[in-house]
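Working notes, structure below.
We call the chains A, B, C and D, going by the order they appear; numbering starts again at 1 in every chain.
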Amino acid sequence: MTPVLASLRGLVRRFGSVTALAGANLEVFGGEVHGVLGENGAGKSTLLGVLGGVVRPEEGELEISGQPVELRGPRDAWRHGVGLVHQHFTLVPSLTVLENLSLGRDAGASGFALPQTRVRPAAERMMARTGLSVPLDELVEDLGVGDRQRVEILKALLREPPILVLDEPTAVLTPAEVDSLFDLLRELARQGRAVVLVAHKIEEVLAVADRVTVLRRGRTVLTSERGGVDPHRLVRAMVGEDAATQTAVGLGAATGGVVGEASGGLLAGEVVATLDGVRANRASGAAALVDVSLQIRRGEVVGVAGVEGNGQRELALLLTGRLSPPAGVATVPDGVGFIPQDRTVEGIVGEFDLVENMALALHDDPDAGRGMWLDWPWIRQEAEAVRSRFGVVAPDVGARAEGLSGGNQQRLVVGRELRRARDLLVAENPTRGLDVAATAFVHAEIGRITSVEGGPGVVLLSTDLDEVLALSTRLLVMTGGRLLEVPEGSRTREGIGRLMLGGLQPDV
Amino acid sequence: TGQQDAETPGTFRAALLTAGPVSDAGWYAGAYEGLLLLRDSLGALVSHQQTRTPAEFDEAFLSYASSGYDLIFAHGFEYQDAAMRAGERFPNTTFVVSGGGRFADNVVPLIFELEEGSYLAGMIAAGMSRSGVVGMVGGVAIPPVEGTFLAFEAGARTVNPDVQVLESFTGSWDDVAAAKEAAVAQLGRGADVLIHNVDAASFGVFQAVRETVAAGGTAWALGMNRDQNDVAPDVILGSAVIRIPESFLETASTWQTGTLGGRPIYAGASEDVIDFVLNPQLLDVVPAELVAEMTAVRELIRAGELTVPRVPFVEGEPGVR
Amino acid sequence: MYEHGGRTAWVVGAAALAATAVVAAVLLWVGGYDPARAAAAMWSGAFGTRGAFVSVTLVRSVPFLLTGLAVAVAFRAGVWNIGAEGQLYAGAIAAVWVGIEGAALPAWVLLPAVLIAAGLAGALWALIPALMKLRLGVGEVITTILMNFVGINFAAYLVHGPLQEPRGVFPQTEQIADAARLPALVPGSRLHVGFAVAVAMAVVLAAVLRWTRWGFRVRAVGASPRAAWAAGRIDAGAVVLATFLASGALAGLAGGVEIAGLTYALYEGLSPGWGYTAIAVALLAALNPVAVVGTAILFGALEAGAGAMQREAGIPAVWVVAVEALVILAVLATDQLMRTRVRGAQTPGDDEGNVSPEPARA
Amino acid sequence: MPETDLVLFLEAAVRLGVPLALAAMGEAITERSGIINIGLEGSIIGGALGGALGALATGNAAAGVLAGAGAGLLVAMVFALFSIGLRTDQIITGTAVTLGGLGLTGAVYQARFGATGTALTLPTLAPMSVPGLSQIPWIGSALFDQAPTAYLSYALAPLLWYYLFRTAWGLELRAVGEAPDAAQAAGVRVRWVRFWATLFGGALAGLAGAHLALAHAGTFAENMSAGRGFIAIAVVVLGRWNPLWVLVAALLFGAASALQFLLQALGLDLPYQLFLALPYLLTLAALAGWVGRSRAPAALALPWPKER
């Protein structure tokens, strides 16, 4: 006997001309992990937002534990036992991790006391239990995206909500962390709680979910037991029967196969970027990079694997000219594309429309105007081109970027940066948040640009080992601020993992 | 707006411009009372506008003159340039500028010789001071204030040639707290009789003196602009006063006879506009000889036999270009 | 409570205006004044006649317009320049100095020189907080406020001291040369060419922000310095410095235009706080330079109407100020409700402050 | 400086600093919640008039102080209803509230005391000297022979500090000012928190006004707040939004002003306008030497929720 903990029926929600939900349904039982799948912009976050009290549906009913409820805000949702981990971070950057974990926890009852004292031991227990470890006393703004994601998850887990809703929590976690998170989700389910999980990797979802629901264009098109579906059927449901055949490529990537041909390396050409004995420091003054030397040639894809926080960020900033090294020499080209780790903070300007976001990259391009003047029609054409080529779902290029779904924002950034990467592309987790088809497309694009004569070199910094393995012509591991070349024989998940772990303790 | 009344013989329209609130119980309040006096005694139709910036002055003159006002009192020297411009444009309107420095056929400076009152106040101050230090607290160092302070100091020296005179400005006419702190600082430097010219903020000076007295010290204050004796009857020895309303009335009457214009009007002690009024409640603390001495000087001033030093600022006065 | 789409917003907007009118009327009535006469005077003083509109409302709008533009361009770049007041004084000081010292020069040299000097002085006054921000990391909000007080007192010192009129009596400077004065824009009115200069500035600024690379960088830095840096390789420091100086120059120009167009001499208390009101002018225009022309005229009309309320309806200045405040609140509330309506057409109301499921963080 | 001068100077510094401290500590709390209330001046003048009327009505200065706080709170309520309730722009709303506060207090004053005004004598809040402490050489009388409102400001600084940095409520307040969306997601009632923080700031500004009227000047005059609301906002920044530093900053600013009066009374032959500029110049210098970047609450002045 499994009780229905939450039931959402006939939900409709529009944003301007976009219909995010067009009659979506979702039923979640106690004791299950429920996976939600769908293309970018299918309405997953909106649906989960309804459950979490952050989106108000225009039509439809919401029942929690059999009672019809109207949620007027996240506070209401918490009261009804729903805890939501947003796709985009909802942390207070200027507070410490512990303060973030403490925020909003029954302050009314004991507002005089500082909750941190009680939360710290609980947080430590939870970290031990989940294998998700974060520095409790650091400011969130000093953390990378991986740590931020861990904090988000811990924040929800600590409150032990009967209904836990997670929107793409795994995109920046390491494989080991994903495994232990899933173990925990299973355990929560065993305790009778309900877990709702959005992820784009079908294999991941199938590995943990008891049941899955697929959304397409705001509608629920399929709900099934895990046993009743296979990856192919799910992909067909996500993209629609007719489109399915065209997306066959996508499936490989989604199920962990190798898609992007690592062929570019054969054409490796002239050197486009050089780091020569560079150092870099963190804000705290600690060394982030120690004596790193690296050459990138046209046509090669240099994959950099490693646990986040080992200097990848600084490496990316150096290669893109965003940072000049305090020691050593960095020679970087002009035509650099940069896909940053956190699209909402560094990739796009939310209040700008798509054209203006395009202009961010193009404003100093000689083609983007004459003299001091900008040629907006031309920039608009370029934005249109990115939009259609990368399938950015938006009412038009005049729409504000903050209204796009997470995946669509990422498509915009990736499309734009590929467009300007004449000499070099530096990508941090480029497919984070992208759906199956888009991931495949991006991988194919990286393969394409590097296999063209005179194409750019690519530096791919990713926590997704499969991605790194699949795309790289040359593989490096970043550990303790140093770069290690991965020998041919070690190009396996295990081999890389060993190298990564070996350097977990920075020797500086 | 009473167009028909304006046609009635005998009625005329008078306007007042002030650069500060008429609720200051001081300089501007006196002018406003003067305006009301014109209404009540002469049946004038009256209007008042408070202006803030030089740019507004022209605009106010223009609006009043073009809507048929006959006599415009601009209560402050700051209006003079705008009044001269307006005077040229509107020959049928007469502009009276309190403390103005330039004149024309229809632009008339009305000079209040408050120095005469403040000179007498200086005598009292020096005579009453035990420490030999007296103080002056001003708002902004504009000519009328500088003039009264100059005369105060001169008057004080006639009684005690060695008197030390402190001077502070607060930069504001409203900031009571600042006026009080300026007074406290002077009291702390040994001053024991204070005069002010800070208009609405003057209470701060009185309060500082009161607190000194309450703490066991001896100190006195002097009022300025209007009879402030009852504002703090326990500490104010007397006030140098301007009878602005009466002076406005006199000016308006002159205007009605058609003889106003072409020269400045001096309104001083001899016209009974300026005076120094002792506080009846504190008469017993002021030595009789001092009162007698002061009264004698007052009579000399009234009779025109003694000229009190002032800062000359009207065209044609010695020392003014 | 805030649920409205379509026509209801107009109703709500009208209701906000009406409510404010009622509050103002009741207040005046309680104070013993005639609200109808007050309203009539306000209207006639601002718009009643062509003379009132051109010679009073538009004239009053000029300093609002230029300082409003100064604030708008700064805020666009995320530079919180609260210092237009001090920069205005700096501009006025420079203008009056050049206007007096350059008396020998012909108008076609002197007049531009006066205005350029005003702009440069405003920029110079802004340079100090700009450098403190960029070099020392001291926020500009506080430094610009402090610089205002310094500027006001500095001007006061100058008119009592080094720049005082030659006879040395009144705290004001000598009048500037005829050749340094801005001619009338509409013959026979008080409206001077400064108004046209200000409107031209608004148009230029709008074009620069919209159509030039520099303007785009300004907007990008203002919207998200981090994204401008990461995605756009924009040197935020350089943009901030340039914008700060441009803003100061516009505010300085406001001072210069006021001198050259209207007062011809520098006085203590030249500005009653235009530099502060400018913030409201700019924000009400949503920082859009062309819209600033409109909001500046609105504030000019408000001031013009306020004067007329005193003169024609016999309402004391303090009451007039209170009514002005109510009008600003009414305009603000109405404007807000209208914007909600425009957005409401796309986004049905959420009253618990519901946000997009994926809020982009600034 | 001779000893008596120094003591007098320090006493004046505290007297001038206390109203700034009260208003600025309140504003610091308001700003920590993400609301910048530049209508503070309106609350201060409201508090001064409320304090004056309350004290006159009851004959009791303490009752006047309460009335002043209430009046300041009411003014802030108008600000809060517009800027938090309707989400109108905080800066414009604050400008209007300042204007309205100055205008209405003037109107009420004139209605009550005549169009040409009256120099009011109010019951005053007399200084209370703290036995023992006030005997400390140099600073004793400056700090511990002051009006009760001064002691209130000393007490509030650590209390507010504790509240902000050591309680769950303070954590919520700070979160709301830094990242309202995040705070809301964690279940914090953003608007409620902002509302009360604004009212609290208004009440303290009202207290500052009442202090001016009842403990300092002993009277009410139109515009007697004389721009202290704006100075208080600068003091908040100087004090880095931390109540303890805000108190120190306010006292420093008070000292700079007091110095100006002392120098004038000493008869230094310099133009007085330069003295008047002194507090601002000293503050600029202090900021230039005040190393380290201080950062305003990230959501300060932004209407929330962003979209509706």
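To be clear about the criterion, contacts are C-beta pairs under 8 Å (C-beta built on N, C-alpha and C of every residue); 3 or more make two chains touch, one makes a residue touch a chain.
What you see is a predicted model, and the numbers here were worked out from it, not measured in a lab.
When every pair of chains is scored by its C-beta contact pairs, the maximum goes to C-D. Rounded to whole angstrom units, the spacing between the C-alpha centres of subunit C and subunit D is 27. With centres set at the average Cα position, the gap from subunit B to subunit C is 36 Å. Taking each chain's centre as the mean of its C-alpha atoms, subunit A lies 46 Å from subunit D. In subunit A, 54, 73, 86, 89-90 are the positions where the chain touches two or more neighbouring chains simultaneously.
Taken residue by residue, subunit D touches two or more other chains at 106, 109-110, 115, 179, 181, 184, 222, 273, 276, 295, whereas all remaining positions touch fewer. Shared interface positions of subunit B, i.e. residues touching 2 or more other chains, are given as 21-23, 141, 171. Chain-to-chain contact here is organised irregularly, matching neither a line nor a ring nor a star, and falling short of all pairs touching. Applying the touch definition to all chain combinations yields A-C, A-D, B-C, B-D, C-D. The part of subunit B that touches subunit D in the complex is made up of residues 21-25, 29, 32-33, 135, 141, 166-172, 174-178, 180-182, 184-186, 188-189, 191, 200-204, 207, 210, 228, 231-232. By the touch rule above, subunit C contacts subunit B in their complex via residues 45, 51, 55-56, 59-60, 63, 153, 156, 160, 166-167, 169-172, 175, 190, 258, 262-265, 267-272, 304, 307-308, 310-312, 314, 316-318. Put simply, subunit D touches subunit B in their complex at residues 4-5, 8, 12, 15-16, 19, 106, 109-110, 113-121, 212, 216-219, 221-224, 226, 257-258, 261-262, 264-267, 272-273, 276.
By the touch criterion stated above, subunit A contacts subunit D in their complex at residues 52, 54, 73-75, 78, 84, 86, 89-95, 99-100, 102-105, 107, 110-115, 155.
Subunit D meets subunit C in the complex at residues 82, 86-89, 91-93, 95-107, 109-111, 115, 179, 181, 184, 190-191, 222, 230, 233-234, 237-238, 271, 273-274, 276-277, 279-281, 283-284, 287-288, 290-296, 304-308.
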